[in-house]
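Consider the two complexes below, in which subunit A is the common component and subunit B and subunit C are the respective partners.
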Partner chain A sequence: MINRTMLLAVSLLMLIMSSGCLGKQEINDLAIVTAVGIDNGENNHVKLSVQIVRPADARGQTGAPSGGTGEPIYSIQATGRTIFEAARNLARFSSRRVYWAHNFVIVLGEGYARKGIADMIDFFTRNHELRMTTWVVVTPEEAGQVIATITGMEVVPGEAIDKLFRYNQIVAEAPGTNMMRLQESFLAEGTEPVLAKVQLRPRGISNKNPDQFGSLDQVVLSGAAVFEGDKMKGWLSPSEAKGLLPFIEEVDSEIMVINCPDDSNNHATLEIKSLEQRVKTRFVNNQVKVQVAQTANANLVEMGCEQPFTEIKDQMTLALKQKLENQVLKTASAAQKKYKSDIMKIGQVFHNTYPLEWKQIHSEWNRYFEKAEITVSADAKISSPVLKIQRFVKGDGLSLKSK
Partner chain B sequence: MTEQKKKDAVFTSQLQDNTETLDGILEFSTDLLRREFVIHADSNRHGICYLTDGLVSNTDIQLILKTLLLYGQAINGNWQQSLDSFEQIKQQLMVNCSIRTVTKLDDGINGILSGETLVLLDGYAEGLLITTKAWESRSITEPATDTVVRGPRDGFTENIRTNTSLVRKRIKDPQFRLEAMVVGNKTRTDINIAYMKGTVKDGLVEEVRQRLQKIDIDGVLESGYIEELIEDAPLSVFSTIASTERPDKVASALLEGRVAIFVDNTPFVLLLPTFFWQFFQASDDYYSRYWVGSFFRIVRYIAFLISLMLPSLYVMLVSFHQEMIPSMLAFTIASGREVVPFPVLVEAIMMELAFELMREAGLRMPKPVGQAVSIVGSLIIGQAAVQAGLVSPFMVIVVAVTGIASFAIPNYSASIAIRLLRFPLLIASGMLGLLGFAAVFFMVVIHALSIRSFGESYLAPAAPFRPSDQKDIVLRFPWWSIKRPPSFSKEQRRQGKNTMPKPSGGQSGGPERG
Partner chain C sequence: MALIMNVMYAKAIGITQGIIGREVNSDMWLSTVLGILQGVAVAYIVAKLMQYAPEFSMVEMAGKLIGTWAGKGIAVLIFLFFLGTFATVMVTFVYHLMDYFLPEAPTILFVVAALMVGLYGAYHGLEVMSRMAFVGVFSMLTLNILVLFGSVREMDVRNILPVMDSGLVPTLWASRHFDTDWAFAVMLIALLLPHVKRSARLARVSAVSVGLAGISIVMWPIMESTVLSAEATSQYIVACMQLARSAHIGLFLHRYEMIMIAFFATSSLIQVMMCLFCASLSASKLLGLKDYRPMLLPTGAILGAFAYWIVADHMRAMEFTAHQWPLISLPIVLGLPLVIGILYLFFKDKLKANQTPS
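== the complex of A and B ==
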């Protein structure tokens, strides 16, 4: 009995020892990628750019002094016939093993996106190291340039783009599109992929030369890219993207600027606190009819109108309703007329309502979508003028006192 | 003489023979005193006293001699007629309270060596053993282990009688039983088995008695000997018998139907059966309010998990599963490790060893030196090692937190067992990552599930799960809700119904105003 236990113990020990730390890789032997850019290269090649963190410089001195150039990132580029080949070619000059698991964002060049992104979806979902929560964006610039730009307040620019998306709902002008949602909309019938658009804009002001305004490029989130299948068709402007958002994600907050009823030079600003949207489809005479109903709750946050709020509340509510309706119609016309691509997930709603009919028409859904009649009815409520119903006017306080 | 014959030898009526045999066995020893006397001048009756100096009280000895010399002299008439046996001497002459007569030589010798006084008289084939035990011993002080914030401050001493009296003082119940035994062929150490009759499970005391009787060893110097000689899982790192220095802990264990083993010459009393979870329970839990008790108990369970697993988890994550670390933390860890030349596993083992070294050195050195050790150690490990680029600051934090957590476990032997288990877990997870960690962890869990302590599953009442016993495991429920002792006890009742305190009914207003 003792002998058998000993034998078992010894063989287990040898088994563990002989594995030789299988699969071990120290964290400081990894080149941790935080952003990836994909562009078209020459000769039908793929140009892969990666932003790699230099931990010692990205985090300051946490242990023993380790020196460094002071640049938090190390950006490199390689080409190959496929994405994976290009990734392997990175190893020719990267001193550490390229590690994808902490990637924040994949930036696609416009040229690459127009050529087709099926390969990229396949690679990034098949690879076990990559996360499905990675953001995917398209840029009209060179993707390599975008990922090598130091942007935002974060030390690591990839993280800055990640945060840009996390707090994106305040502006609500671009969809937050991650790998999972891209794959889902790519694979599903009755919807087409939409990706957020980023641009380089000279928004930053150099601390050293403040007079040269906009001398530093920043990554700016603006609008969206529309796809049909795996090929990019074109861009949505920020205002068109705004109307698209309620169709594909929860909208937490957005702002609306409306003209004052009496004077269109003055504006009042409303913050939408909740926006509920229901989409219904009907199938009448072989034509798809879509009813979009929106219910919005808004707060008055900036009052530029002369008249007191109580008097113009109804007019303002009406203006808000119209604005909401127009916004949706604008997006719908872009989707239907300009790109002929169902980015609003209308097909999915139709599928759920008319499963049998869907089976017959799903192969030519885009033709139906183009001709679909979209009507919008918005319901809005403006509340909380924060106790003050009028705009602030000089001498206002005095007149209140004399009353 | 053979061994058996020696044991069975008896006293003869010739004093000369008796003293010669005794002297032959005891020979000369400087602390062995022989006092010869003549008890009755008329009949010229000789006697002798054997005693061990240092183990006896001089006043008691003087009392014996006074009785024998003065009052013995005063006996009138024929000595033989009035006092013809030691039994009569004991009843009619002696004034000491604890006296017994012995006929075997061996008993007499054992008596002498354990602090009794042997009186032999010419013409009697018996000896008189008078208890005169008295020796210097430490007074009752606060125990060094098992310290509490709220609770009694008395602790056991090296004297077994003092120890049992401390428990007896707490349980004034006729069902409280103490059984005496002697273990150790040469040390002849006194052992007392304590239990509550009617509360303890049937058969438990017999089992304990049998296991103790099986012990055949030359000496027992501490209860640790007994623990190792009677435990259920002798090969396990887990200790299946708890030990404590606190009389209140022993009293509470007895009330729950456990058995306590007192061993002479040590303040550590053994408690059995023992459950794993017991090692995370401090006496404070029961004396503080139940919210506080429960909270500290949860803290201790967390300390247990940290001290067992934190270094292995860190090594596993940093050298195998970097994707499981949040990105920002991963960058920071990578930055801290930038200049460290060793793999994480080597770094961890190095630091753990340095910590154990420091702990051990601080413990063994005289107190003032011990402090110097800890100052130098903390400077080297905390500051210089990081500055020199030998270890990363994260590893220092991990090792320090692990060390602190292991000190938060109230029972020292459990804390050591966990500390020992940490190393296989660390090496396995450093070599095979999550796979190795899970494999070793499950081996430990399965082992703990398989062992028992005097018939009870070691991990009970968690596994096997006993719903009725859950009130005193993870949380300490209020006293008024614990209606019965744990289910292994024979006693069914701990307190009556409706013992939750509330204001007496009737008056709904405030205090009455006169």
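== the complex of A and C ==
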């Protein structure tokens, strides 16, 4: 009898508890955010722009589908004293609940980034909806304008920027900075945050007016923004960003254009297939010395030189080595002299090598980093001319024997 | 073995690691390893001690050695131990589900749901819970594999260097937080020995179980440090969820923490069941009852009320879990076997005279 009563009581309790779905969110009640832009507003306010996808119009077809508007995205903007207040203010005119879980990218305006991004990092890492793999970028333009610009073949701009990052590794001119990596570098001692740079450039050609080259703005991912603490200090050029990448992430591929040994007006292009880097630090006479050693393996992918590859291979290898070394030194110069910010994770390497010394100098690490002596040695190998042995020259026999 | 592994797992991978990270930063994995070694040793010693009178639990042993009232005193201590343990188990269970999945649901819902499942399991007894624990071990392994696959590409070994950066003493001291996790397992050994058939192998099995649980746990601080960084891990209350929501397999499988939480909850619910079972068992010894089942509902009410009071306020919950609980639980789990062991040395003849448990 007791068992039956218990069973009945438990069943009733379960029935009561299952009758409502607490915290439910119907998909057609949600405004799915795919990109966020943050700029400075007036009166010390934050201007938050969000790009919301219209599911009915973002199915990949052209023109307005039945019941749709033809506009795949709906971009709105609100201001507030904090990001959360601005996000809540969006609800004043958004007919659906703003939902962050599918956000691809957070675009920060330069002015906002220079003022400090600590509150942005806190908001987005405290929010359980947001993905930690969301990309974070800085733009010299208005962030709200960047997120509303349709780029590439995607109908949703946020998705386009996501794919720019996905295939950015073949260009290797901007770091792949997501919220997880940003939070890590922001909190860690011995390294400073660096974020990818995006900007609008007239790179698109209108199908209707093909003669008007550059009539369409496209979002270009190239370069990087340097921070010290949470404040942006300046920009790295694409080539400086290229030199930075092996210090902060794995480089899968990049290209190097070198002058031909006999004619500097002609060029050969090398595709680096693997780039390994080792960084060692020494502490001598209260000065930090940094040794960077790179080992690159490249393929010849385009030959503009007149001389046969087999004859100039050694000279090309030497040119590649010098190019790699100069690239790192250029980045180091920008980090040490221009920005005085350790974006190269040298402090982390020093901390791992000299933990006791680090405890004494970590509070003034930037001063030590600024004066650190950085030497670079590159070892390169051009292992393959891919499909052809040498450049095609009219009338030539194309055989190794003839050379 | 499966029970011991389950009761150590859920809190140790997340809440504990966040707390340890706040004390010793990137040495959190080392602190956990030191904790595992201590756990293996204590589990072995306690199980060995219990083997001197395998037909008695620790409460019964104390009763036989120094009298009924002393036994009841020990039962009260053990009940209080499980009262506190249940609160930390609920901190783990509730904050995983509520903070990351159902922030708008009331806290009481999670406490009541866990109590219902826990009481159901505890009512059906040790055998049912042990079978459930096998599913729990499968869940633990699956969860480990899922998070490993989703995070391995993001690992940066430089984040756990230099080793022992915080120094040996602070790293060892920080291991007290992990010690509270194996404390539950050690108490389980002390209470459940009379229920185990092949008790002769118990000492070795106990030590191996704590060691195996430790191996499946230590993967988490290593991954949390290398993927998120120790600094980021120490920012969070539930550090493992931060790792879980950052995991992704390839380009297309993102945000599969909903799958992972199902495996986690299985293990966590076994902790809830075991807490209720052990607390009811000690309550029944206190009142001199033969069966623990009549004590399940009152025990559930007391444990549930206390756990709700703790989890209702995040700051109170973390203050209790990080600062007060290690100072309460460790003296109990280390002191009780020590006292019983000393008493055994002086009064072992008295114990041998008793043939059957009370």
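In this text, the second predicted complex is superposed on the first by the 369 of 403 C-alpha atoms of A that agree within 3 Å, B and C clash if a C-alpha of one lies under 4 Å from a C-alpha of the other, contacts with A are read in each partner's own complex, and residues count from 1 in each chain.
Following the convention adopted for this analysis, contacts are C-beta pairs under 8 Å (C-beta built on N, C-alpha and C of every residue); 3 or more make two chains touch, one makes a residue touch a chain.
The model shown is predicted, which means the values in this text are computed figures rather than measured ones.
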{"item": "First, second, both or neither for A:101, with subunit B first and subunit C second", "value": "both"}
{"item": "Contacts of A:257 with subunit B and subunit C, given as first, second, both or neither", "value": "neither"}
{"item": "Which of subunit B and subunit C A:188 touches, first, second, both or neither", "value": "second"}
{"item": "Subunit B versus subunit C as contact partner of A:118, first or second or both or neither", "value": "neither"}
{"item": "Subunit B versus subunit C as contact partner of A:9, first or second or both or neither", "value": "neither"}
{"item": "Which superposed partner A:23 touches (first subunit B, second subunit C, both, neither)", "value": "both"}
{"item": "Which superposed partner A:132 touches (first subunit B, second subunit C, both, neither)", "value": "second"}
{"item": "Most subunit A residues touched (candidates subunit B, subunit C)", "value": "B"}
{"item": "Set intersection of subunit A contacts, subunit C complex versus subunit B complex", "value": "17, 22-23, 101, 131"}
{"item": "Sites on subunit B touched by subunit A in the complex", "value": "318-320, 322-323, 325, 327-328, 330-340, 343-345, 386-389, 392-393, 427-428, 430-433, 436"}
{"item": "Footprint of subunit B on subunit A - complex, ascending", "value": "16-17, 19-28, 30, 32, 34, 53, 55-56, 58-60, 62-66, 99, 101-102, 104, 129, 131, 156, 159"}
{"item": "Footprint of subunit C on subunit A - complex, ascending", "value": "10, 13-14, 17, 22-23, 101, 125, 128, 131-133, 166, 180, 183-184, 187-189, 345, 348-349, 351-353, 355"}
{"item": "Contact set on subunit C toward subunit A in their complex", "value": "99-106, 109, 112-113, 116, 120, 154, 158-159, 161-162, 165, 227-229, 231-232, 235, 242, 245-246, 248, 251, 254-255"}
